[in-house]
Amino acid sequence: MTGEARIGWAARSMPVLTAIGSGFGDERPFEGLRIAACLHVTAETAVLMGALKAGGAHIALAASNPLSTQDDVAQALEEYGIAVHAKAGVDRATYYRHINQALDIAPDIVLDDGCDLVNTLHTERRDLLDGVRGGCEETTTGIIRLRQMAAEQALSFPVVAVNDTRTKRMFDNRYGTGQSTFDGIMRATNAMLAGRVVVVAGFGYCGRGVAERAKGLGARVLVTEIDPVKALDAMLQGYEVKPMEEAARTGDVFVTVTGNRDVIRREHLEVMKDGAILANAGHFDVEIDVRALEELAVEVHHGVRPNTDEYVLPSGHRLLLLAEGRLVNLTAAEGHPAAVMDMSFSAQALAVAWLVREHERLEPGVYDVPEEIDVEVARLKLAAAGAAIDSLTPVQEDYLHSWRLGS
Amino acid sequence: MTGEARIGWAARSMPVLTAIGSGFGDERPFEGLRIAACLHVTAETAVLMGALKAGGAHIALAASNPLSTQDDVAQALEEYGIAVHAKAGVDRATYYRHINQALDIAPDIVLDDGCDLVNTLHTERRDLLDGVRGGCEETTTGIIRLRQMAAEQALSFPVVAVNDTRTKRMFDNRYGTGQSTFDGIMRATNAMLAGRVVVVAGFGYCGRGVAERAKGLGARVLVTEIDPVKALDAMLQGYEVKPMEEAARTGDVFVTVTGNRDVIRREHLEVMKDGAILANAGHFDVEIDVRALEELAVEVHHGVRPNTDEYVLPSGHRLLLLAEGRLVNLTAAEGHPAAVMDMSFSAQALAVAWLVREHERLEPGVYDVPEEIDVEVARLKLAAAGAAIDSLTPVQEDYLHSWRLGS
Amino acid sequence: MTGEARIGWAARSMPVLTAIGSGFGDERPFEGLRIAACLHVTAETAVLMGALKAGGAHIALAASNPLSTQDDVAQALEEYGIAVHAKAGVDRATYYRHINQALDIAPDIVLDDGCDLVNTLHTERRDLLDGVRGGCEETTTGIIRLRQMAAEQALSFPVVAVNDTRTKRMFDNRYGTGQSTFDGIMRATNAMLAGRVVVVAGFGYCGRGVAERAKGLGARVLVTEIDPVKALDAMLQGYEVKPMEEAARTGDVFVTVTGNRDVIRREHLEVMKDGAILANAGHFDVEIDVRALEELAVEVHHGVRPNTDEYVLPSGHRLLLLAEGRLVNLTAAEGHPAAVMDMSFSAQALAVAWLVREHERLEPGVYDVPEEIDVEVARLKLAAAGAAIDSLTPVQEDYLHSWRLGS
Amino acid sequence: MTGEARIGWAARSMPVLTAIGSGFGDERPFEGLRIAACLHVTAETAVLMGALKAGGAHIALAASNPLSTQDDVAQALEEYGIAVHAKAGVDRATYYRHINQALDIAPDIVLDDGCDLVNTLHTERRDLLDGVRGGCEETTTGIIRLRQMAAEQALSFPVVAVNDTRTKRMFDNRYGTGQSTFDGIMRATNAMLAGRVVVVAGFGYCGRGVAERAKGLGARVLVTEIDPVKALDAMLQGYEVKPMEEAARTGDVFVTVTGNRDVIRREHLEVMKDGAILANAGHFDVEIDVRALEELAVEVHHGVRPNTDEYVLPSGHRLLLLAEGRLVNLTAAEGHPAAVMDMSFSAQALAVAWLVREHERLEPGVYDVPEEIDVEVARLKLAAAGAAIDSLTPVQEDYLHSWRLGS
């Protein structure tokens, strides 16, 4: 596929962002404004850039990570009239030169993914700060850096933390992770899941999604938890709740998704059944104690299947570690479907419009995505899926209002 | 059944409260304390009284509603050594005299259900206020009154709002309402649900529970909503989302659970199929516009089945209204299973112990149930069900802690 | 409700039979024919009688069981012009006199439920045999008697065994039993099922239905079986498969539906948890060994809830036996929804028309319901529910035909 | 992976066949017997060969299809002492020479996959016929040829049709196809299924499995059917039943699994939504009318994703055809998990043992797999999964026996 074809493909999987771009084309909310962005240069990002450009923005784009840059997408964007400063695999110096080149546009708005552009702006390019009305930050890490800056009074403009909205969490954590985790497990092992015992460690948003899909694929699901309230919820949903010590003896497939480390440890590995499959769907690769597995194993066969390593224990039991304990949905499958990026980038596009409208009333600081944007994204997503909903009648509005007043 | 037998039956359905009572028996946290309670005098309340008495409390109990008083339970409690001032069906004057008699104990702690006892204490019996360390209130209405008192500096002690905890919400809203709604519909109509179209209006906690059970009984579920985010969640769970105007034409069974009025209106009633069943699972009987139904009908047959009235429309279509549009699970079935009261009264019992421990550090005002109590209730419920969970290792504690610090 | 109202209510729950009756009204297939029927005199039967009468039949109806006769329905049928020979609670002699009175009509067609009418015809009333074109038999027991008669060359006309069709089995065994079993358990105990462990003994059609509904109500389901193939199917559907010996220790609710006796025995009862609920959904009351329960118990409390007896074991554990081990859905709830009778009686009505059309080509003997009748019932049921399906194009017909030929 | 490693991997996914092989090793039922096999030379076949060899057989193996031969597996088998006459990609003449070489062993038993070996035996190598005790045939096509031979009295020995058993059908049609179809769709499109509308055309065993998995992945499922009874069953399971004409307008993903041709035709394609995904899970590539799609399209983009071609209709709507309309689970994923082959080859191994035991009592002809073998395969599969079941007590045996006698 060419860069243009890739972008077209991404666009069709991002109906909400496409609809927003179309609205921007009518309303031109960014007429005459300049946007500097530091993002992964991918087809999905290209759709976001297109939506902003349709709204009248002049855009300069640098890469937030040289490894993810798709050069053909970069070229297609250039042809479309967006200045791209990015090339796959460049070195650190070039990386920062690209960010500086993007900043040369003298941005009114900045979009960042990890805070490097905002940081450069507040250090090397302070002369540009006055012109900046606000920004968006995509990552948790970036948000942490920004909050520290804000706490130290070092942040000069308002930034919207676009990494977490209710709609994105639905698509990402619950439904996205649920599906892509088993997509990864199936690609890696081609194992049939009906009738197998799947142990889901952790029953947060992601764990719920993983458990639902496991059940939906015909598996029997055991849940391990440390929080009694979450464990109770799992039980009330019909799952068996057990400590890992017991679950380890029963499971055919293990999925860790707790956010904690060492969830599957030496004592658990030692009692697992022959052929047990170990997968992690948590963000970091610390949930399965891979070092303990390596120490236990008397033999290791790497790559017995794609993304599958076999560890033979002294008992002769063979444990199958997927994706080396890293995120199985990203490594063995393709990560989240584009529908997830659609939610996230749509919130970002609307946040830019909100910043342009509201910046004069906003103090420097880190802002959550306003509820109204989340509602608008959901509304557009439903519309794209052809689903209509009700609206309140005036009588109902009054009733709810009076109720909230407690009168 | 005798009063004692009723209490015994309730106790076995309330394993958490029973376990708490057993713990109180060992620790005697209320040794020498006096508790005045104004609650429904039922078997479930008797189990709560028993738990507090086991902890050493002297108790005087008045009825919070003369209509719900079970005289045999009252008598059994008297025999057990708890002073009960209650009789079924007494008049208003007697009702208040009973409250005053309960207050005569000069309480250290008060338990209320609608705020009448606390109100009496702050008006007629102000001499007793100094001795009161704190109280619990069970109802939403009572909480509203207490918050007003607090806002006007008129509340003299801390009160815990025990009507809403995460564990109670699970049992009550989601799983309790879900099951008891269909229990009511089946008792009223004996209709088979497999293959029928169930329209669930509202996708809050209760609506989710109702939708899950409808699906679990083999029905096809349509959801109506006014909130795009909730509607999107319904869609992602595989339900069809439609406005009521369209759903009205398709549904075999309608369940309203929105918290709003006029959810099913004249224009919806007019297009429904012959034989459509209308049930409300929302708190107030305003969700189905019964007046519009009465105005539309050319004939009404009351009681064609228990709790079922048939309205014949000009078109000849016959609509079946259950329980006159009032809560179908309470009216046509038996309301929530005792397991729900177990959650609620367990939180109440632990809240009393918390007040006794903490009252010196608490300002007068309305308090949410502390998170630790909710966790403890969940923990005990899991234990009663024989489900064990994991606990954090020291290494995991550190990991989570460091992460929360953002380092 | 009056008899007429009861019949009206039944009719609306029997849309297929109503549609068949309406078709009979147009086509008058039974013009001038006489039908003698021996059936339960209930509202549902009345709807069947109405359909046959609409088709032109003269009908005489006797009761197949004096205990089930609804006198007001009998009276309403009389007023409608159907001769009814039945009265609730009559003695055995009257019962047979009624059958003889029904036979006095000199029937062309007979409908039977237990074979008493057909038997009387072949013994006392052989003079009428010549006129009989054929009959229908409703029960398994009746079929067994008829097959013996046929084997001995003693049966004079063709009889359709209408008790078993694919559509009836769906409604009855799988979906009917599934729902009504839990309807019965909820009415008897008001127990919350979410999060409970339900043990389903037997994974035939009924067991599948029970397991599906248990899961749909949020329970965790264990299945016991003796047939490895069915057990494997249960496992592949995500259920845990265990021997009763182990399941007995884990279950909160037990449902037997095996068709065998002593499925829950002394050794199982002894290890059950306190509060375990025992229900039978199999046809005969032999699946739970009630005698063993009685022998084990140190105390029995009858009627602790409607249809619930409590047995206290030496260990102090209290087991709750529902409906004395008889069919819980019939005893504690209302048996199958009318939708089940709709399938069964619709097949019966169409079988009568088929006998009238085909009797000359049929030898005496017992016949299964022809596949075409089953398909027609399903077609009408779909139409009543407003569901349309596809039909084959000529090209597709050819394709399937050639394929079946194996060419 | 080496051939040996491949075989090892297959073996661990085939626990039933492995257990059978181990039993054969103890009992040596094939001591001194010669087996000629014509099968796909793959790792799974190697496990079957190993089991038979463990039982004492001398084996000669030819390939049933030169395209599927895995040369490294062939070599590993040779090293293991099994004569293999197969090489990937050989021409037709070599193919038949290989079959003849396998027959040179003068077999007691033959295993065939398409009937070429048995055919060769009955034509060119009739001298060997006398020694053959019986055979197994794997494919439907082969069975048709054998039945014709039997009808013409041309078949010289008993052959077991091992392609269809209850256990295989479960694993293959329902659970296997269900999972692997969505595995294929996800690999091809990376589309998120939660909240999407999946149209399943055909509700046979495979269609049921596909519908269950679609629902389990969070999709809303529409079913199209031509058989009213199957359509009714779909409705009772909570699916929406529609004719394709209507379903075509609503669906996001279409899966055909009817066994018929032209299920999705020009008139359906014309009304589909932009972005609709078309997949076939039926055996032949005739279910989606690809020619109509080609004729309709104004543009075609091949390979927009792996196994995905995009057809742009005059309306601008883009339809995505997966795997060119061929079996999506085989083409875009890896076909059935090895667990399916485990069922099938286990039945085959046990059928060989049964032939050896019973051949003297068997007339030439085509035999179904005896029920006892199916039960044994299920029993071993349960054992491999660690699931135990009940067995009948003598009292229960009697009860069932008396019942079946109808006494």
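We just call them A, B, C and D in the order they show up, numbering each chain from 1.
Note that a residue touches a chain if its C-beta (ideal position, glycine included) is under 8 Å from a C-beta of that chain, and two chains touch if they have at least 3 such contacts.
Small disclaimer: the values here were computed from a predicted structure and weren't measured.
Under the touch definition stated at the top, chain A and chain D share these contacting partners: B, C.
Annotation: A-B is the more contact-rich of the chain pairs A-B and A-C, by number of C-beta pairs in contact. Between chain A and chain B, the centres computed from C-alpha atoms are 38 Å apart. Measuring from the averaged C-alpha position of chain B to that of chain C gives a distance of 39 Å. Look at where the CA atoms of chain A average out and do the same for chain C: the two points lie 54 Å apart.
Residue positions of chain D with contacts to 2 or more other chains are 171, 175, 194-195, 215, 218, 232, 235-236, 240, 385. Interface of chain A with chain D (complex): residues 1, 5, 9, 12-13, 171, 175-176, 178-179, 183, 186-187, 190-195, 212-213, 215-218, 273-275, 301, 303-305, 318, 333-334, 336-340, 385-386. Within the complex formed with chain D, the chain B residues making contact are 194-195, 215, 218-221, 232, 235-240.
Of all residues in chain D, those touching chain C in their complex are 144, 148, 166-167, 170-171, 174-175, 224-229, 231-233, 235-236, 240-246, 259-262, 286, 374-376, 378-379, 381-382, 385, 387-393, 395-396, 399-400, 403, 406.
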